[in-house]
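Quick notes on the structure that follows.
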Amino acid sequence: MADTVYDVTTWPGASVDARTDIGRVVNEIIADIKTRQTTQNTRPGAVVYIPPGHYDLKTRVVVDIGFLTVKGSGHGFLSEAIRDESVTDSWVETQPGASHIRVVNTDGHKEAFLVQRTGAPATVGRLGSVVFQDFCLDGVASTKPYTPGNTKTGISVQSDNDAFRIEGMGFVYLEHAIVVKGADAPSITNNFIAECGSCIELTGASQVAKVTNNFLISAWAGHSLFAENAEGLHFSGNTVLWAANLTLRNSHRASITSNKLLSNFPSMVALLDGSSENLISANHFRRVHGDGSSTRYDDLYGLVHIEGGNNAVTANHFSYDVPPANITPAGAAPTIILVRSGAANFLSGNWLVGNVPVKVVLDASSTGTRVLHSALASQLTAYTTDHAFVATP
Amino acid sequence: MADTVYDVTTWPGASVDARTDIGRVVNEIIADIKTRQTTQNTRPGAVVYIPPGHYDLKTRVVVDIGFLTVKGSGHGFLSEAIRDESVTDSWVETQPGASHIRVVNTDGHKEAFLVQRTGAPATVGRLGSVVFQDFCLDGVASTKPYTPGNTKTGISVQSDNDAFRIEGMGFVYLEHAIVVKGADAPSITNNFIAECGSCIELTGASQVAKVTNNFLISAWAGHSLFAENAEGLHFSGNTVLWAANLTLRNSHRASITSNKLLSNFPSMVALLDGSSENLISANHFRRVHGDGSSTRYDDLYGLVHIEGGNNAVTANHFSYDVPPANITPAGAAPTIILVRSGAANFLSGNWLVGNVPVKVVLDASSTGTRVLHSALASQLTAYTTDHAFVATP
Amino acid sequence: MADTVYDVTTWPGASVDARTDIGRVVNEIIADIKTRQTTQNTRPGAVVYIPPGHYDLKTRVVVDIGFLTVKGSGHGFLSEAIRDESVTDSWVETQPGASHIRVVNTDGHKEAFLVQRTGAPATVGRLGSVVFQDFCLDGVASTKPYTPGNTKTGISVQSDNDAFRIEGMGFVYLEHAIVVKGADAPSITNNFIAECGSCIELTGASQVAKVTNNFLISAWAGHSLFAENAEGLHFSGNTVLWAANLTLRNSHRASITSNKLLSNFPSMVALLDGSSENLISANHFRRVHGDGSSTRYDDLYGLVHIEGGNNAVTANHFSYDVPPANITPAGAAPTIILVRSGAANFLSGNWLVGNVPVKVVLDASSTGTRVLHSALASQLTAYTTDHAFVATP
């Protein structure tokens, strides 16, 4: 085997069995890489391979080198929420599997993986092209809605970073699955994130993050996707479940297209704090009543909630089905799209279905909204005359 | 190598060379895994690796453990249909390659891989996170349209299952490439399925299946995708060829978006048996005349055929080009979208092109269909007055 | 290790260290494969694995066998453009990493990998299912806009080919990252192509190419995607940056959907030479002013430029923000969509935003264009009366 490929179970330099503390072993491997790769022109990084098995992570891993690939053989998801509500005496397996890491830090830290480099990025260089692939990060025990829950985080990136990849991973029973601060062009694709407080949080600022082809399954107190000060986010082809909640703050030119979203709660996509020029197109929104309860939003908040200008909502399908007794405020006509504020938002070619009458609502402070073939005459409630309406006949 | 990683060509426990009967070897590996992983908390599964090579599968593999990854190094597709119609004396390669399994069961079974666990799922637990990756399942010999053909099946999942992954696989010359019964959140992505009777069949019932980024190439007697009793299917980013045929029965809230579909036959997407609230958006539909013949549908059936309510067909392109002599019934104006029945279907922002005049047709039993900028005045044929029409000028 | 899996760093047959000339080693491996796989029924190919490390490629690799997988462990991207404009004395890493190949041919050739087989495809068979995965091809030194630049090419496929896969690769500082001639059903997905002259060029002719989920970052003298005589291209879910430029010549039935496009220049999508029946839907187009200068197109050329018929542009968002002093010709109202020629193009449900007044323009030679809810009355400039307009109110 090449000397840039490490197997956590067979690497002779480990001071402990990886099954006892994989975090310590990975840190030792990173230290070993540093002793072998010693100049700025000879640091290609390495692969850390995690074969199928159950591993405890007692020590947080700190990644401060670029080009590191941490890779397993399978996300190994098993629904711990279903397990914890079932009689499992005769179950064949009762915990996640494949390359399965139990996040059980005994070091006082909350993260399984912290990616962070000391020094100003312009001085020491940004962290680039770190890869997490195909293993499972499991918080072991938690309770709905998982935030604050066990307060654990799967992967936290806290230095400016470029071209990271998180692919094929599984996350379960964590408060935060993935947190990335200062992201440039990350690719987060083909992951299975479930039963977490929040799935993906792009904090600080980010540019051109690409989030595609994932399952994102979070409960009602966190976010499927949270982004602040984001430019050019691309969120496409994802299946987002349970409490689908994409929240963008001061974020612009995002493209949210071709996703399948299901939620037991309002605020499936919220464009806040002046988020502008975003596109929401060709998505399927489904709102039902079911597991969980929350007073975070009521049914006047909107499945899509807009506070910002020049956003386009085109060619989507919205389906609302909640028993009248569970609609809040009692007796309200649920809002599908709320333009809370902002100028020149564009709604075109959307179809709304409800078990009760549903509404597109333009608040008084909104201006110049176009509602074109996106609501029947009976479905539009406008608290401003400053809008244009072509009703769906 | 870790003891949870098996190479079918080098594992000493095999009773036969994997090239002679890989099925028997994989079954023996699974048996070995069971002897090593003996409690419900210590069953992470394993990887079964298939290096490039030609392998015969004489014995059906039965997978009844979770978290198993069966993985090769390449889908190895070669068009056997083209080969069988060519003079190949001087061809360099004449059969598929990479990690190539010839499905030649001598055990009386039809499947290469059967995934099934004895016992009620609630009692024994569902099968979870089984992975098939990057190898080729080849039926060896068949004839168009491949169903019934050689009656062979690539992968059949017959127990309730969660979070399965089928990725990067090749399938060729099988009657059924993939059959999954009782699927919850499977991810079927980046596969190359060609020259099969049917590509993907989600039988029984399924929820939130995700089928993305695949090549699906089937002939005229089967289906590209078949789903019954499906909730929340997501079918996006696929290229679907030859006889593109997505058939959904009693299926709801599917999202069929951003696909490229080509067919020599009608019924490219059929929403049947009351399928409702589905979204068909941003797809390109191309209908031509070419290889194959079928009387299964005539040109009045529709490229999109709807029997159900509140479906939305938005922002698609339809292109029809069939020599008049090949249109059936003779002299008919081909139907692009047929709303056969159902209430409140929504057609918005679609463009229709034909080498002959083409039609959107609303049958007499349909009600409340909206046809908005989706047909010229001359392109709509409505057998009911219960509809609304905004003609494309 | 199976005898069909080669590690370039440990294979005993190599005449040179792979770090010195990986090209020579891979050619020797291919020669070895040919000595072992000697009949047309026994050529499954092999895997050539490139562990993390820095490798020089002095000799061009020639691939003339099918089913070969060349695979590394990471695209290892590092922005060489940023590096070359920075003080890097204290940077930890100053060149790309992971499985990193420096393209430094000393053999007089321009390509790192040439895929080509001698003989007529019908006689010797097409090259099938070759795979390039997860390594980095780096041109080492170049200058914007990289074409002609260092005149280097990453992967060039020059024989008719079927079902190729290029996945997870990195390309940087090349004039041409990927050139594929005569492509049938290639899958180009999940790559990171940046700081190249052109990213993907489908020359000659192609059918049903699938280009999905990539980062494509090219400068202003080349193309993000170039296709000529292409049928049924599928370009979806990509993030395209800097000088996003998709140019299609005589290409038909392409589907360009759910992409995020950013450019400092016009001509983000150009449908030329009669390109017809293409779909451009659910994309986000962002035009800004920034790095680079070019006189290739002025602001009357259009972000989308159409010379062909029956193309559909639906449900997109266009955002234009260029300082007036940088708009050319001076004082012009920038064109967002130009229908230069062609019959029956269909624009529906698009939203246009500009820091200055922006336009949809129908040239005199265009006929029958429909502009439906895709421009305000003030945003349409028609040099022909042969069109239909439903203004966005």
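First chain written, first letter: the chains are A, B and C, and each begins at residue 1.
Heads up, the rule we're going with is that contacts are C-beta pairs under 8 Å (C-beta built on N, C-alpha and C of every residue); 3 or more make two chains touch, one makes a residue touch a chain.
None of these values were measured; they are calculated from a predicted model.
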Inter-copy rotation, chain A to chain B, in degrees (Cα atoms; steps of 5): 120
Copies chain C and chain A - interface residue numbers shared by over half, same or different: different
Length of the line joining the C-alpha centres of chain A and chain C, rounded to whole Å: 28
Multi-partner residues of chain A (at least 2 other chains): 213, 236-237, 257-258, 281-282, 314-315, 348-349, 373
Chain A-touching residues of chain B, taken from the complex the two chains share: 1-2, 4-5, 40-47, 65-67, 69, 71, 117, 119, 122-125, 128-129, 131, 162-163, 165, 167, 185, 187, 189, 208, 210, 212-213, 232, 234, 236-237, 253-255, 257-258, 277-279, 281-282, 310, 312, 314-315, 344, 346, 348-349, 370, 372-373, 388-390
List of chain B residues in touch with chain C within their complex: 7, 9-10, 51-54, 73-79, 86, 88, 90-100, 170, 190, 192, 213, 215, 236-237, 239, 241, 257-260, 262, 281-284, 286, 314-317, 319, 348-349, 351, 353, 373, 392-393
